[in-house]
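Several structures are given next for inspection.
Each of the next two complexes has chain A plus one other chain: chain B in the first, chain C in the second.
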Partner chain A sequence: MSDHEYIPKSKVGKWFNDRLPLLTLANHLTDYPTPKNLNYWWTFGGILTFCLLTQIVTGLVLAMHYIAHADMAFDSVEHIMRDVNYGWLIRYIHANGASMFFLAVYIHIFRSLFYGSYKSPREIIWIIGIIIYLLMMAAAFMGYVLPWGQMSFWGATVITNLFSAIPLVGEGIVTWLWGGYSVDNPTLTRFFTLHYLIPFLILGLVVLHIWALHVPGNNNPVGIDIKKPSKDTVPFHPYIVIKDGFALLMFMIVFAFFVFYTPNILGHADNYIEADPLVTPAHIVPEWYLLPFYAILRSVPDKLLGVVAMLAAIFILAALPWLDTSKIRSAVFRPLYRQFYWILVVDVLVLGYVGAMPAEGLYLLIARVATVYYFLHFLVVLPVLGLKERTLPVPLSITESVLGGSPNLATAKNKESLNN
Partner chain B sequence: MSEKKTKRRDFLFTATYAVGAVGVGATIWPMIDQMNPDASVKALASTEVNVSTVTPGKTITVLWRGKPVFIRRRTQEEIAEAKSVKLEELKHPEKDEDRAKNPEWLVMLGVCTHLGCVPLDQKGDYNGWFCPCHGSHYDISGRIRKGPAPTNMEIPKYEFVDTNTIKIG
Partner chain C sequence: MKNFLRSIFLIIFLAGFQYNSNAAEKVEYLKTDWSFKGLFGKFDRASLQRGYQVYTEVCSSCHSMKYLSYRNLAEKGGPEFTELQAKAIAASFEVKDGPNEDGEMFTRPGKLSDKFVMPYENIKAAQAANGGAYPPDMSVLVKARGGGVDYIYSLLQGYEDPPAGITLDDGVYYNKYMYGNKIKMANQLSDGLVEYSDGTKASVEQMSKDVTTFLMWAAEPHLESRHQMGFKAIVYLIILTILVYFSMKRIWSRIKTEV
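Take a look at the complex of A and B:
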């Protein structure tokens, strides 16, 4: 971890650091050599850390007022909204914070897909990231159940029933998950416990994620290995701190817009009706960030295979470092991959859209095509592309690609025309 | 450069820090204020008690803001005793007239001023209240006479709505 030996200046500092090298760690984090060409897509790591901490702090506050009981949960949420000082603000931050968290994580993931950040030697960072993403989905789902509204209740019923697709033991597992024969108070209390636990698991994994990142160092838009520290790097502080900070401020403006101007636009009105085990809402959809997977689930006309396809759509990401056979990381030098990348982006957006629509007629057809393409991208396009694609020449250093003489002719020309 | 002059950049830094500090403060305040009594708690800030059944020499205890309030209907002897005490003898000098506007009724927060226990009725060396936790003795006016408590038991804000009803808070 240490590129050079760090010795604190003060005597007390040295005494302390010899016993617990926190100052060495702090020095490592400040001096950490970062590629100097990182663009704003690289600021989402910091933004995500902010999102996690926001969720933890606001969540702790909400837990001080929330009551995890089937008879009282709904009223306690209304109590938070009406009675608790600033309760409305804290709850809206928490609820919209989940959406902002996913918005940021999707940008973060697609950044990695574009610049090949998941490739050797960063596979472990990537896999930890996928685990974090899975835990995020679990936490978000269980958190959505806690207000005990109609969407909470029926969302919980539908998602837990996914496990009933497992042959032989499925029904038993579902009963075990519920702690009864339907979603009820035991389900609510355990969801609350797990919803409280998961963010701290994520926090631990984030530490591992960053630790694993600091071994090889950041990938960069050019996607080449760089020497560090060198002319190609700048110290994390102040350069990246300021850049991340600025991006965070911009992000917070968007965040604040949702919280203060349209706090309920990302939710469902039905969730302001208390859970009723006798009536299912007419149109039941998950939160927007789960829609693409929901579309995949519904596009398969078989209960078990639908669940398998949905889970496979997530787990396939973990195999990505080995499915992508190309040695070149950045899509900047992969003209064909770049096109497939954007097709995938559109494909996922389409899946998200049809996931929100009723599963019938044309929507179902589109969902099926998009589902098939999603898997084709990972299982066929990526492995084949790595072998067949003619990539562009890659610069030897970041400095070379920045200071003109870019080996990418198109980029060089573009730059010239901009200068003229 | 030897002379220290305020530069444009210094101004920008100071302005940025100031705005940042206000922003951080405005963000932290709701997180702190949420722990203060909420609207539903404040709504319970007053309680009305019907005291028509309380006979002289009896004490009833009612709950107000989660704490016990002693309402004692004192006998004439007790009133006389409470009034006879000289202020010099008291650790926390207060006249009985100031503590019980209507001398027949003593309305007082039943919380020992030492560490918050509930004193026992008609116990102790002064025929008032006695706190079992650390041995504070209160007289029939609820004034501290002996023991570790620093002050007399607190008199809450209250009023007689009519002859039989006391509104506390």
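Take a look at the complex of A and C:
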């Protein structure tokens, strides 16, 4: 990967590096040539790393005080909130941290959609990212079960019951997942185990995600391939480090506001009621970050097909590099795609909104229209658009687009552009 | 940078809109000025102590508060009774302890380390004594209800004669703020029900406010230190952000690119 051989200056360094090239790796990471025109949407990768580490560290501390038992889980959470030193702080950081993690990951994903970062040669980075996102959803869902409140219990019941839609073996699978005939103590203990495991799987995948990124290097707002290193790039340290740091601090201010001033606003009041298998809450709603998929699930009248649609909505993302036929990466040079992009953003927000509403009447109708559009976007709009769209001329280098002012106005030397 | 911030605000605005419309219940709760809201919100000490009095004299005959200990009453950020007062309060309750060396359970006066004594042995006993309805534990009640403090405050004052056409079973009461309007708890508060030692007039409104304040503290005993630490943390982060911003500008000035 390195463009030049790195030789440590000290003798000890050289001796060590010959045996385990950690210093070469460190050198690669600091020198890593990064496009100099990355905007602030690119800072969310660093922010996400911070989120993951925050969840792991706070989670470790919580696990020291939490008791994974149906009769004691709720009490142990209150014990953490009241009697453990700064337990309230650790728990509120962890609970709100999950929401912050998803906020950042959605921005990260939509940045990729806008600038075409998933396209060749970055398909593997993208697919690893989708797997990370799936694991995040699993971890978040199981984490929400651990306090053993009403929403924990009934959310777990609803979601695990989805597996019963599988023909023939469905019921058996659900019993196997529960470790019994209903969500109960065996379910709680295995969810705790998995909730503890998954973040480390994510950590491993993050390493692969970054490794895969460092092969072709970062995409950039102009979306063109650049020479590395060149005057189009800056070394990762100090330029990107300080910029990511600045963005992270702004993110932390928002994060801190939630933790210290509205720590429960993103949760559901019912989860402060201890789980009761005999009392079903009036509305069972998942956490906000799962709502769009929940809306898709409920918009299909058939249970099995609903589950299929929900899973398809996630897995279709993995096929995105091949569904999008356009050779131009950045939406900056794709005037039509840009409009469809924003329609998709609104569509997903609408899905999230109706996901929180009762599935009836107008809400259900809106959910259905939005679901159909979601799939149309990926299955019809993107493939057709890539073939039909008249794209704007693309500059030859970042420097050119920077000197020419807005990338839109860049006078491209190749009028035919990269398209066709 | 400008574009970025604009988009961020748009997203937060949309998300916030989405979240607000989430709270679909359309009842307007009664409002009062809570001292514990806002960036520097703190509990009103006197109100907490009065609220504790309402809780012990009225609510505690049916509602438990199993996560609180008597020592909490003397802790910082709470009602802040003196330790002597808290000890006296604890000692006024009979606590079941044991088994002793003879293998017998016995009762003794409460200590600071004891949890609040529960009115019933268990949930079933509580249900049996209350027409089948379990009076919920009050430790986190404020956080367990959608409307929070405003809801509890309103509910306590929301008893009315049922509108024409609604018939109530025995032991069911009409409350305009209750979900579904039917509640199994009778109206508990009436003017002058308790006698405040600090001379405050014990109106229904005053008692509702005091006991709700007490419940808020019970649910969030560290609220004050959370607010204080939050302010410091955010000020610290803002200053650091500004410093890092200028360092960034300086570093990037070596390159002909806007950052």
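Methods note: the second predicted complex is superposed on the first by the 404 of 420 C-alpha atoms of A that agree within 3 Å, B and C clash if a C-alpha of one lies under 4 Å from a C-alpha of the other, contacts with A are read in each partner's own complex, and residues count from 1 in each chain.
By definition in this document, a contact is a pair of C-beta atoms (placed from the backbone, for glycine too) under 8 Å apart; a residue touches a chain by one contact, two chains touch by 3 or more.
Just so you know, these numbers come straight off a predicted model, no measurement behind them.
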| item | value |
| --- | --- |
| Clash-or-fit label for the pair chain B, chain C on chain A | fit |
| Which superposed partner A:Leu168 touches (first chain B, second chain C, both, neither) | neither |
| Which of chain B and chain C A:Leu89 touches, first, second, both or neither | both |
| First, second, both or neither for A:Val12, with chain B first and chain C second | neither |
| Contacts of A:Val61 with chain B and chain C, given as first, second, both or neither | first |
| Apex chain A: angle to the C-alpha centres of chain B and chain C, given in degrees as a multiple of 10 | 50 |
| Touching partner for A:Asp270 - first (chain B), second (chain C), both, neither | second |
| First, second, both or neither for A:Leu278, with chain B first and chain C second | neither |
| Larger contact residue set on chain A - chain B or chain C | C |
| Gap in Å between nearest CA atoms once chain C and chain B share a frame through chain A | 5 |
| Footprint overlap on chain A, comparing chain B with chain C | 82, 89 |
| List of chain C residues in touch with chain A within their complex | 1, 3-4, 11, 14-15, 18-19, 21-22, 24, 39, 67, 72, 136, 139-140, 143-146, 148, 179, 219-222, 226-227, 229-231, 233-234, 237-238, 240-241, 244-245, 247-248, 251-252, 255-257, 259 |
| Residue numbers on chain B that touch chain A, as the complex places them | 29-31, 33-36, 38-41 |
| In the complex, chain A residues that touch chain C | 36-37, 39-41, 75, 78, 81-82, 88-89, 92, 107, 234, 238-239, 242-243, 245-246, 249-250, 252-253, 256-257, 259-261, 263-265, 269-270, 272-273, 282, 288, 349, 352-353, 356-357, 402 |
| Residues of chain A that touch chain B when the two form their complex | 57, 61, 64-65, 79, 82-87, 89-90 |
